[in-house]
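Heads up: the structure comes next, in structure tokens.
Going in written order, the chains are labelled A, B, C and D, and every chain counts its residues from 1.
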Amino acid sequence: MADGVAGTAVRGDRVPRDREKDYTHDMARARRDFARERTGADLEHVGHYSLDPGTLPGNVENFLGVAQVPIGLAGPLRIRGEHARGEFYVPLATTEGTLVASYNRGMRLLSESGGVRTAVVEEHMQRAPVFILDDALAAREFGRWVDEHCDEIRAAAESTTRTGRLTYIGQYQIGPLRFLRLNYTTGDAAGQNLTGKATLAACLWIKDNHPSHPEFMLSGNIDTDKKHSRINMLLTRGRRVVAEAVVKRDALRELMGVDTRELFRARQIQAAGSFLVGSANNGAHAANGLTALFIATGQDVANISESHAGVSYTQLLDNGDYYWSMTLPALVVATYGGGTGLATQRESLELLGCYGSGKVNKFAEICAAVVLAGETSLTGAVLHGDWVTSHDALGRNRP
Amino acid sequence: MADGVAGTAVRGDRVPRDREKDYTHDMARARRDFARERTGADLEHVGHYSLDPGTLPGNVENFLGVAQVPIGLAGPLRIRGEHARGEFYVPLATTEGTLVASYNRGMRLLSESGGVRTAVVEEHMQRAPVFILDDALAAREFGRWVDEHCDEIRAAAESTTRTGRLTYIGQYQIGPLRFLRLNYTTGDAAGQNLTGKATLAACLWIKDNHPSHPEFMLSGNIDTDKKHSRINMLLTRGRRVVAEAVVKRDALRELMGVDTRELFRARQIQAAGSFLVGSANNGAHAANGLTALFIATGQDVANISESHAGVSYTQLLDNGDYYWSMTLPALVVATYGGGTGLATQRESLELLGCYGSGKVNKFAEICAAVVLAGETSLTGAVLHGDWVTSHDALGRNRP
Amino acid sequence: MADGVAGTAVRGDRVPRDREKDYTHDMARARRDFARERTGADLEHVGHYSLDPGTLPGNVENFLGVAQVPIGLAGPLRIRGEHARGEFYVPLATTEGTLVASYNRGMRLLSESGGVRTAVVEEHMQRAPVFILDDALAAREFGRWVDEHCDEIRAAAESTTRTGRLTYIGQYQIGPLRFLRLNYTTGDAAGQNLTGKATLAACLWIKDNHPSHPEFMLSGNIDTDKKHSRINMLLTRGRRVVAEAVVKRDALRELMGVDTRELFRARQIQAAGSFLVGSANNGAHAANGLTALFIATGQDVANISESHAGVSYTQLLDNGDYYWSMTLPALVVATYGGGTGLATQRESLELLGCYGSGKVNKFAEICAAVVLAGETSLTGAVLHGDWVTSHDALGRNRP
Amino acid sequence: MADGVAGTAVRGDRVPRDREKDYTHDMARARRDFARERTGADLEHVGHYSLDPGTLPGNVENFLGVAQVPIGLAGPLRIRGEHARGEFYVPLATTEGTLVASYNRGMRLLSESGGVRTAVVEEHMQRAPVFILDDALAAREFGRWVDEHCDEIRAAAESTTRTGRLTYIGQYQIGPLRFLRLNYTTGDAAGQNLTGKATLAACLWIKDNHPSHPEFMLSGNIDTDKKHSRINMLLTRGRRVVAEAVVKRDALRELMGVDTRELFRARQIQAAGSFLVGSANNGAHAANGLTALFIATGQDVANISESHAGVSYTQLLDNGDYYWSMTLPALVVATYGGGTGLATQRESLELLGCYGSGKVNKFAEICAAVVLAGETSLTGAVLHGDWVTSHDALGRNRP
């Protein structure tokens, strides 16, 4: 297809929709035809799917087909978590060569070291409206009023939801602006929509009942939804999850050809570098494993922006073994709602025993364990010097 | 599937592989069978795909099937860029309700305002090894030596690649550590692998030729690959792309029911909030559109961690129109290599006229234009108060 | 004095001390003599002071004299605060030419615009110990135990202080580490020492009473004392103070030759720049005025590191006037304890009506008002183009 | 003095000035009288000084007296730097009890461990104007034009200064804004004014000679003068200085009762904490020593905001000794200009052999060595548990 084709598309030419039967094979085909006509692009593979378009309302608009993202299977990964217990086979949807192989190697190392301990240590999903007062003093007093009316605000918020619970309201002031950050637990859903709705109800109650009926915006940009931020790292967004393991010195040497002492020395260097450059994660590459897992299991993949943040903390033990932990302070995941119920996504969750009600903490623990596996493997490869070589052999490193 | 199933999987039970015929339908099925047996998960839909497993070496290991991610079609989006010119229909792979509809609305607003101007203003892909010297003084002198031998280092690096060009070497010192950040242009590839290989060659040349033969690590964690960081925002990772538009006051009022004056006032509040909380992006939700576009087109989706960073800069014009720009300082994209050539991914690139050689700047411009469209739509919705309502109607907001 | 002199000083040659009469003119002279002998430096002016050495225990060790830092008088500055009300003359101790003149100009602008409103909107001083548990799960449970035993912990902490009150304990987890951030109000003292002592008592109580008797460190480096940090900006360290004013369009034009419209346009640019580079303050130069005021009034000047952080928030009003606010989220000040009672420092506090008991909020408000004055003046100068010129005429701009 | 007094001061009552004889004892007294009259504050001690008011033009306006800041003498500190060599006695101007004693203890530890190695590894002082172009594309092209005309821009800049040299121009783009960051070496001056003047000349040259004669602001707020920022940490502001030492295991145990192994374990915890909270310094308290040294020696103390940033990097050696480095990436100091030539300030510089021409690198090295001494002492105290105790005995910890 040539550049010019796009250029000649008639302006205002709207994508076909059907008010009544929009989520059908026919309409998907109609849109593929429309697109092909205007751009010359052949959409043959995109049109090949087994999911039922009728399941898609609430997940996508203007459906025309699917992206087929290849899934590789890694594992087994031994986890001794609070919720995730046993050996897991992990579906990773990716197009990046070596990723599955690398995580697989890390899983083996961790499994041979006795497995990964995991725990969800905090849970907060939030919306953060901002109220605009007359001056700073009024904003401070408004904040006190909010504290005093917390129960009524909670009642207003929770009236909109069966599963969401308002836990606390953080307050942050700039000039005459009082940012409220409403923190919720949201059950098995990620909760961004649920908390939006509940927070709107809370804000309307506040606006109605506060003597000055202050103006507000539903988001003052400090949520910070779909964005990495320091407030997320500090105060948790979604779940704060820890994976930790004691890597056996012998296992590391055998599997990766690296000594734990060497690893710990390198750790000092990498931590200093991460600190210097203001990185969102002082570990290696949490985003890789998380993204692959998110795509496979129907997570809101844009949350990788928040979820990839991490703090690695390690110690060299007296016996030469290596304590290695990874804390993910802003892991946003779900086992209910969003894309989790779609055809392939649900199957991937089932592969992990994580589909349905009451599974989200288990899934969060698996996410953290997978990340830790990837940390060990990439770090080992960088130290052993086979990092580039393996990409050359396994990856699309062709130019 | 029950929790217990995973728990009883036999430890060390390896995923089936075949040294010779691993990328085949048969082996994919064998792995699905293996997984089903151990976990009870039915992998029917995962096994439904049209891509040819024989195309997957270099993209995934232990292939067992695909994730089907629904694609919605948004557009047309009018772009008046340096490379992207015309009206574009944009494939967005997502499972999040309202996303396509919201971007679509923003595209209409921008198109009715005369379109989006776009430009790639910088390009740098990097690897950042660290050299370990005896003390700070030696590290400084080492840095000078590197500066003096830049041509030889470049020759060593470029000997490994046809398309990569070493542009400059940034240097950052901590104690006796000299971090080098080798910056490359990488053509149509994202370039992470290419630069890894070239940088290894450069490091080996340095180690061999510098009088003290200093020890190095190929990554000192300041690349910062797959991680948001301040250094990426400042010094660009991948491409620094700008999308800008003059939103017409009347169009905004008609389409979104919001006045530009109100928008600008709100902008002051949101910018202050973003600054306070240390956000990676002072705009609204770049990650949403980018992620959907990345999945559809075979990008390395984990790069959302870097790519979602952004700086929004706006001005209210004298005539009441609204100048709106979004700068993405670390957009990592490709139109060659990685997952771009896979079956559905290639089709989505073709839909944009972006498949193949010499298209990456065009694609980067489209990415930025899409992001800008999403900014206008979500910000408008937040201000107009229909944000929660639309999620309720269109999204999986069921609890 | 030559380099060699320092080089030949005999190693281990200790500075003279006297166990009983160390805080005397004689011992100060003895130390000056000692220093002169070893370094050749003439310490004549350093030995010229009027303070009574007998007042210095608790403020300095090895006293040998004073630095004479010139004080310039700025003002009057009209403040309409909660605690600071009236017109103030402000002592600024500095050696930087134009600083006093510039702040003076800003004070005039603000006074002619009706004065500055000020308010202390939050107060928290903290110590942040870290408890080291066996694993992440134990650390989370430890955190819950702390929540449940808050009253006893408070009692233990407050048993060590008359004025300190433990308000809440923030908790932040990394791996098996549970960082506690104990927040206090500390009356008129800055409170770093008071909170250190109270927190030690709290930690010892916890260690004694928690079933696992966990190990702790009194500081896990997240206080973050004497360091700028995001946690300080978000959660307040010392006092969160706002100064706000409506700058009259005519006054700005007359005094600084700048239009408010131009100012607001420039504001968008400067805010974007500050955001991009990860600045601790998106305003102009809070550190200048604060430092001069801190030195004059006996504050712990090292707290400039925390205190200089700020968030500027502005709006252009419909009538062309300019709403300008500066929020200082981590202002650490005192009117009691530390250096506030020393001879000249006390006089400077008295000049502001801020010496003694119950004055710290008043003083904090003055600090913020002074900062705002400086913001208007420097920003005006940068826009009007006389910034460099004035430094040339008034400053030590001689090379 | 009562609050009301300030309140009743007549508005517009200007501080007395004399166009011809303003820098005299008489005018200083006149201003003290004026202040006393209006506020009731007795300015007896403030009026006690030995400096000659005639030396103050260029350092302060509206001079009325001095702050007497007590100086304690610490040392000897053994330094084996590139420029600072020998044993130094360090004047620390502070009002904070234990500060001098604590640094003194650290100096002893370092001296007994063989001294501190120091080096200035980079030098850059900058001004950062912003040019406003029509759109992003024009801004990019403008940036290329700047690159191509670097020699002429340099000539224009350097025409205004004898000592300043323009080394390179960093460029950072947001939307249509092209921020230039002009980097200079500035000899023995800190150089903020020098670079301001040179940069104005450079900007005027650009505006005159670029075909579009673009508008500019002399500061786009990314300098970032008097503000901590990530760009300063990364790219150096002032000087990047390293102090490093190998602390002897036995010396540490003897002097501080702490084992190096324990220290290294604690280091992992403190580094993780610093990273989590977004601290400007992952060490202990660089600001304390630097501030005291800055006040004593006539530095621009407001630069503590930038200068207190730091990166600590350590390793435990095989023999149990402890390699400890502190890198200060943004140390802004001078031995010429500003307050360095004032009466007491010059004497303190002379005490260090650092007054006058060609001494600034030596002074910078001393600063870093002092900081490292403070790190060892405070960290040792925190670990040994005598931190609070010593403040109680030595400090003003009275409430």
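We adopt the following convention: a residue touches a chain if its C-beta (ideal position, glycine included) is under 8 Å from a C-beta of that chain, and two chains touch if they have at least 3 such contacts.
These figures come from a predicted structure and were not determined experimentally.
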- line: Between A-B and A-D, more C-beta pairs in contact link A-B
- line: Here the gap between chain A and chain B, centre to centre from mean Cα coordinates and rounded to Å, is 15
Statement: The distance between the C-alpha centres of chain A and chain D, rounded to whole Å, is 41
- line: chain B residues touching 2+ other chains are 172, 174-175, 177, 230-231, 234, 269, 271-272, 274, 276-278, 282, 311, 313
Message: Edges wherever two chains touch, nodes for the chains themselves; is that graph a line, a ring, a star, complete, or other here?
response: complete
Query: Which chain D residues qualify as touching chain A in the complex?
result: 230, 233-234, 265, 268-269, 271-272, 274-278, 282, 311-315, 329
Field: chain C to chain A touching residues, read off their complex
entry: 82, 117-119, 121-122, 135-137, 139-140, 143, 172-177, 230-231, 234, 240, 242, 244, 278, 311, 313, 325-327
